[in-house]
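Listed below are the structures to be examined.
Same chain, two partners: chain A is paired with chain B first, then with chain C.
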Partner chain A sequence: MRFPIQWKLKWAEERWMGQLLILPMQLLIWFVLIIPMLIVIYLSLVSWQPIMGVDWWQAPFAGLSNYVQAVQDPRFLTAMGRTIGLVLVAVSLEFLLGLALALFFHQQEFPGKRIFASILLYPMMLPWVVVGLCFYLLFLDKGPVNYILISLFGPSASVQWYQNPILALMTIALADIWQWTPFMFLVIYSGLGALPPEPVEAAMTLGANRWEIFRYIVFPMLKPVILIALIIRTLEAFKIFDLVYIMTGGGPGTSTESLSLYLYRTGFIYGQLSYAAAMALLVLILVALVARLAVRPLEREL
Partner chain B sequence: MASKKKGYGKLTRREFLKAAGLAAAGGLLSTCAPAPTPTPAAPATPAPGTSVPRVEGATPEERALNGIKALKAAGKIKDGDTFVILHHSGQRNNIVPALEEWNRLTGLNFVSAEEGLEANIYTKVMNEAVTRTGSYDIFLTFVNWIADMAEAGLIVDQTEWWEKYDPEVDHGPNAYVSPIDRFTSLYKGRRYAMGADNDTFSMFYRKDLMENPDEQKRFEDKFGRKLEVPKTWEEFDQWVAFFDRPDQGIRGVHMYAERYFAYTGWAARFISRGGAYFDDNMDPLITSEEGVTALEEMVRLIQNHAWPDAVTGDWSVAYTRFPEGSVFCAWAWPSLGKWAQDPKTSKIVGKVGAMEIPGTMHDGELIRAVPHVVGWSFSISRYSKSPEACYCFIQWFCGPKTGLDAIARVGTLDIFRQPWFNEPKMKEAYGEEFLPVLLANSKNAFPDISLRGANEYLDKLNLHLQQAFAGQKKPEQALKDAADEWQKITDRLGRLSQIEAWRQERKNYPEPIQRLWRKKGIFKD
Partner chain C sequence: MAHKEQVLIRLEGITKEFNGTIAVQDLNLEIREGEFLCFLGPSGCGKTTTLRMIAGLERPTRGEIYLRDQRITDWPPQRRNIGFMFQNYALFQHMSVYDNLAFGLRVRRVPPTEIERRVRAVAQALELEPVLNLRASRLDLSTMQRVALARILVIEPQVLLLDEPLNNFRPGLRELMRAELKRWQYQFGRTMVYVTHDQEEALTLGDRVVVMNAGRVEQVGTPDEVYWRPATLFVAGFIGRPPMNLIPVEYRISEGHAFLISPDFEMRVDERRALIEASSFLPRLILGIRPEQLLIPDLHASSHEGLVRIPAKVDLVRPLGRKLILDLKTRSGLLIQMVTPSTRRFAVGDDLEIAFHPHQALLFDPHTGQGLY
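Take a look at the complex of A and B:
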């Protein structure tokens, strides 16, 4: 079968124009995402520090030794456990508080509701560093929190927040919860606003009480929104760095060190870029697995 | 439709992605391949051992300016050439006015590139070592990063230029205070940098309380000796305990026990007792009796006589605690004295005394060891368009006359040339009473660990010391853990090279300390 020449020209034009249009984006993705990723993988398989005086492409091959070292490194494993714990506590509380606030704002009408809703979002708009510094000052030995405690209960009530690892972690979690509960509130509140009113009205007509309506009607319909909010927050919280860096520096010792802070120290303070690359890839695999597991119920829902 | 799609798909999206990816990877690899790598500038300095013709000029500044003239005459540089200096923003006031003067004198264009966070300077320096862009010509960095920069191949050896231009650092009436002249510039016996700072610690105390007759009587009654500034650490601990009055809102001392400088107080005691960080095979000696006892003493002092933020705060705590009058004495960099005497920042103006750091008695001889913490040195990028022109600038900037003006301006660089301690300008800047104390402390100053990987050695040490101060570890265990970490670092970086560096580095310690080491048999030479 022979096509007229005009058709052939049109086909060729379309083909090349299409490729041309996506080329810049493809190149961008390669240069900012895929090639750096390949370099990180390469670095994780060699033994290299800039201070060794050897170029990175000439570094001796180390096989999987960086990975083996990481899984045997108590500081890495402890930092991972600590970060997971911090994420579980902070994100759970952020979710519960966000949900409670969203339900309250959704169900109640009161003067200035819109203004209050806007004010609630402000912490989320602040840079991490500002939040970290504010909370650091709040819990200082001579800070406002201790001032209040001493005023109420006497000098012995003063607490050394940053000296005790558990308390220090609590202050970090508190700062995170303060900053990110509004995000949960915003997402869930938007989700509630988008729910169809009919099922709730029908349940009310049939005599369901508030709890039953929430448990059997609202919550199931809200599940996809909640899952998305939880996934975003979990992935974000897993990378926690600024708050820890500013509030405790990971101390005392390493007792509040998060994964990101340890990776930063290993890569940029100790200059062990190969080892940091291996640890970063292990974390990436872990986070990807968690994200995959978290998304699975969402896929079923959708 | 299907056939059309297949026809169109002679180059499917997947194939296209693959092709684009390969092209991009090829492009990147071609930029990464060794061939086009910028070749390090050929050493501008003559080979070691050859005699170097001296540059004419009566002063270091004059010789530096003559050097620029000669480089111009040889066509190596020309008017308007731009050179970039990477430095910390706290040094703006020291450096920028000097740059204007230098540019006016030479016709060159030296510009300042500031960085606000010290740790970021290290990151930028290491990035430059890897990427070799030549973005920076001169680095003003922590003294103990010189080894990392030299080993990374980033900075040039200045030794021959020191001979050629004679910066009058280690000899003559304008010399730096020894041993600062050595440890701010030397690595493996070669001059890789030029010191531009003096970060020797000093101890400041409440003079008003010391001069109070009631306090003097009470002290004498309690200890059976006059109330005087302590000379030994043992006396110091009693002195601090005596003035520790938490019920009056004043604790005995602020010494760093936090995440970044916890080593300072421990190291001063440890080294004055005759301790050394390593033996000649780079096996750590910090778990020795000297190390453990020093840490036990420090832990007792911090836990019993300091505010908790000595452990949990940062370097700035000394700069709030002491000037507000909530501690009897504190130690820090020389600038703490200025802060405590400034009515804008202090409630104790006119009540501040400064003292020599205490030491340990050894057979009737008092050995003091004063930590020189951080400190800034100039080094020159191998990838600079004219490393020698950069050298001329740093010699000019650190010169006896230019440096005096630059350092007297308020900034984070402090006095380092010996004759400056008698200059009215410096007496005005630091206070007449404090300068002799700083000079005495500087003569007993010992460097931070300055080996390759110094950041990691110090950070790992701090980490464990802070845990001891926080009561999470016994002192002995903390030091053992730090020593284990140090062994791993040494093995990873290459023990032989580290041994070579350490054997040179220990020669930069003050002579009384080296004498004590020899006496105790720690080192033979």
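Take a look at the complex of A and C:
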């Protein structure tokens, strides 16, 4: 059978054909990624609020004044510091707990191991809102935690969790740890399972004890996996919003406000979209820098 | 090798089961000081499992392991001071070659100057000095192998266990590394236990060979014994390329003489009557004769008194340089292989009379698989 039309294209036609074929994906990327990004950059460079009565593309140019305002804004800077602190505490505890659990599950055999492993993963599957609500209820003045404290240590042991900024941040961190330790566990546990057994056995025959095997053989081999888990978790935790919004609303005052919450309020409650855009870009630059630094050892590894 | 007869490791009634599957069954073996012992068998025969039990990486389900008369069955691998070389070498990829070599000494808390000295000494012996600072993942295969060996030698183990270390090499390099291994054994004078499924490797390297099949030891002996006096039908069929010819025969007594009878030939075996009659499965027996023990009588002018002759037809000719392999069909349809010098030309369909010396033939009991003599 012969084809009625010759399907051979000239070089120029071929080029056009190629462009045509990638066009849908191009459009998608432009509309989802690049255009919104350009709009945010534009917004951060003008002075525009929805209530100004001017369309956003006609807003007066403001130069870098939004950025200057941001780096001088104590509320922005403390929210940044607070978020970084929260991320450091929560992610490192998640990592240590996840690692301990993964090692335990990897080395011990016990009945029902598979069932326990899958139960462990449930918190991760719950929506943020549900987790936030649960922990909010747990730490209410007349909630279960205080009830237990009172029944153990008497009425004076009751704690007003949400009145003290440090304690309030602790409850948020706790909720985050509860929800995301399973993720660390999952990643590290599967990483352990994928390691070749021979280097460990070789270390055993060479005389290394359990700690030395972990410290010098297993941990270094696991490092890429651990780094990836830490990066994913850190980027994710940096955007923490739901837990704070539900559990403390950023209060008392603004003492538990996270970056995302402050950005949201600036943009959508106070209506200062230009200012919010500038702050968001600053955060993006910071996070990108941190991620870059974290990925570097990984690249060396691969 | 002055103390060659001294027993270094003794395995007593070792059995290993994995979830009800028997990997090794009732294994008894003595490994002598300074010898090169080869475990040979098809994959899944339990040879690697045995090696891992000696190293302490697996626990025998039953039985005991002794090291210099000390019971070590329950000792963890760390206490045994036995070097184990893995099939893929299991180098610590994230460390430098130097750190790989120093690892065993560091975990033994050897003083740093001593570590430095010993690592350098072994590195020099195995020509690893130029790569000491390279990452282990950057090495080629033969260097990896030397690093794996050096890493073990530096801790001065009682015995070296090697699990198919030449498997990853292409054929040419394989022979080269084989010679290298043998040289190392002379050089370092250590007891080596070597697992392989390659019979050539086992026969060239081993002082003694342990042939295993389906979790059992079929035969322990020198390469010559294993080759020329296989103890069982399995060994006879497994070792040798082409393998031993195994011909079903029947034992019969007529007119006071004992005969082995096949449709193609008969053979008097009066002097072996007692041995044969001990067999459980009479009158049926299997006669074994190596392809290179078959000859063509009319090529040799001298007398051939007592030769057993078999008329046959050439079925296939496979030249192999200085020799050639002939596939022959007897009148009864039996296939016999023979190896003969390629000084004479053969064509498919040629009629031929082949023969063997009766005293070279081996006899096996088809029921138990055991050799009768």
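Some points to look at:
Going forward, the second predicted complex is superposed on the first by the 286 of 302 C-alpha atoms of A that agree within 3 Å, B and C clash if a C-alpha of one lies under 4 Å from a C-alpha of the other, contacts with A are read in each partner's own complex, and residues count from 1 in each chain.
Methods note: a contact is a pair of C-beta atoms (placed from the backbone, for glycine too) under 8 Å apart; a residue touches a chain by one contact, two chains touch by 3 or more.
Predicted model only: the values in this text are computed from it and were never measured.
Upon superposition of the two complexes on chain A, no clash is found between chain B and chain C, which fit side by side.
In the superposed pair of complexes, A:Phe268 makes contact with chain B only, with no contact to chain C.
Once the two complexes are laid over each other on the shared chain, residue contacts for A:Val129 go to neither chain B nor chain C.
By the document's definition of touching, of the two partners only chain B reaches A:Leu27; chain C does not. In the superposition on chain A, A:Tyr162 contacts chain B only, with no contact to chain C. The wider contact with chain A, measured as residues touched, comes from B rather than the other of chain B and chain C.
Touch criterion met: A:Thr205 reaches chain C, while chain B stays clear of it.
Contacts of A:Thr254 after superposition on the shared chain: chain B is touched, whereas chain C is not. Contacts of A:Asp55 after superposition: chain B is touched, whereas chain C is not reached. By the touch criterion defined above, A:Tyr216 lies against chain C but remains apart from chain B after alignment on the C-alpha atoms of chain A.
Smallest inter-chain Cα distance, chain B versus chain C, after superposition on the shared chain: 32 Å.
The contact sets of chain A with chain B and with chain C never meet.
Here chain B touches chain A in the complex through residues 7-8, 11, 16-17, 20-21, 24-25, 28, 32-34, 37, 119, 122-123, 126, 129-130, 147-148, 151-153, 258-260, 307-309, 311-314, 452-453, 455-456, 459, 463-464, 466-467, 469-473, 493-494, going by the rule given at the top.
Across the complex, chain A meets chain B through its residues 11, 15, 19, 22-23, 26-27, 30-31, 34-35, 38, 49-53, 55-58, 140-142, 160-163, 165, 248-255, 265, 268-272.
The touching residues of chain A, counted against chain C in their complex, run 196, 198-199, 201-209, 212, 216-217, 220-221, 223. Those residues of chain C that touch chain A in the shared complex are 55-57, 76-78, 80-84, 86, 88, 90-95, 103-104, 107-108, 151-152, 155.
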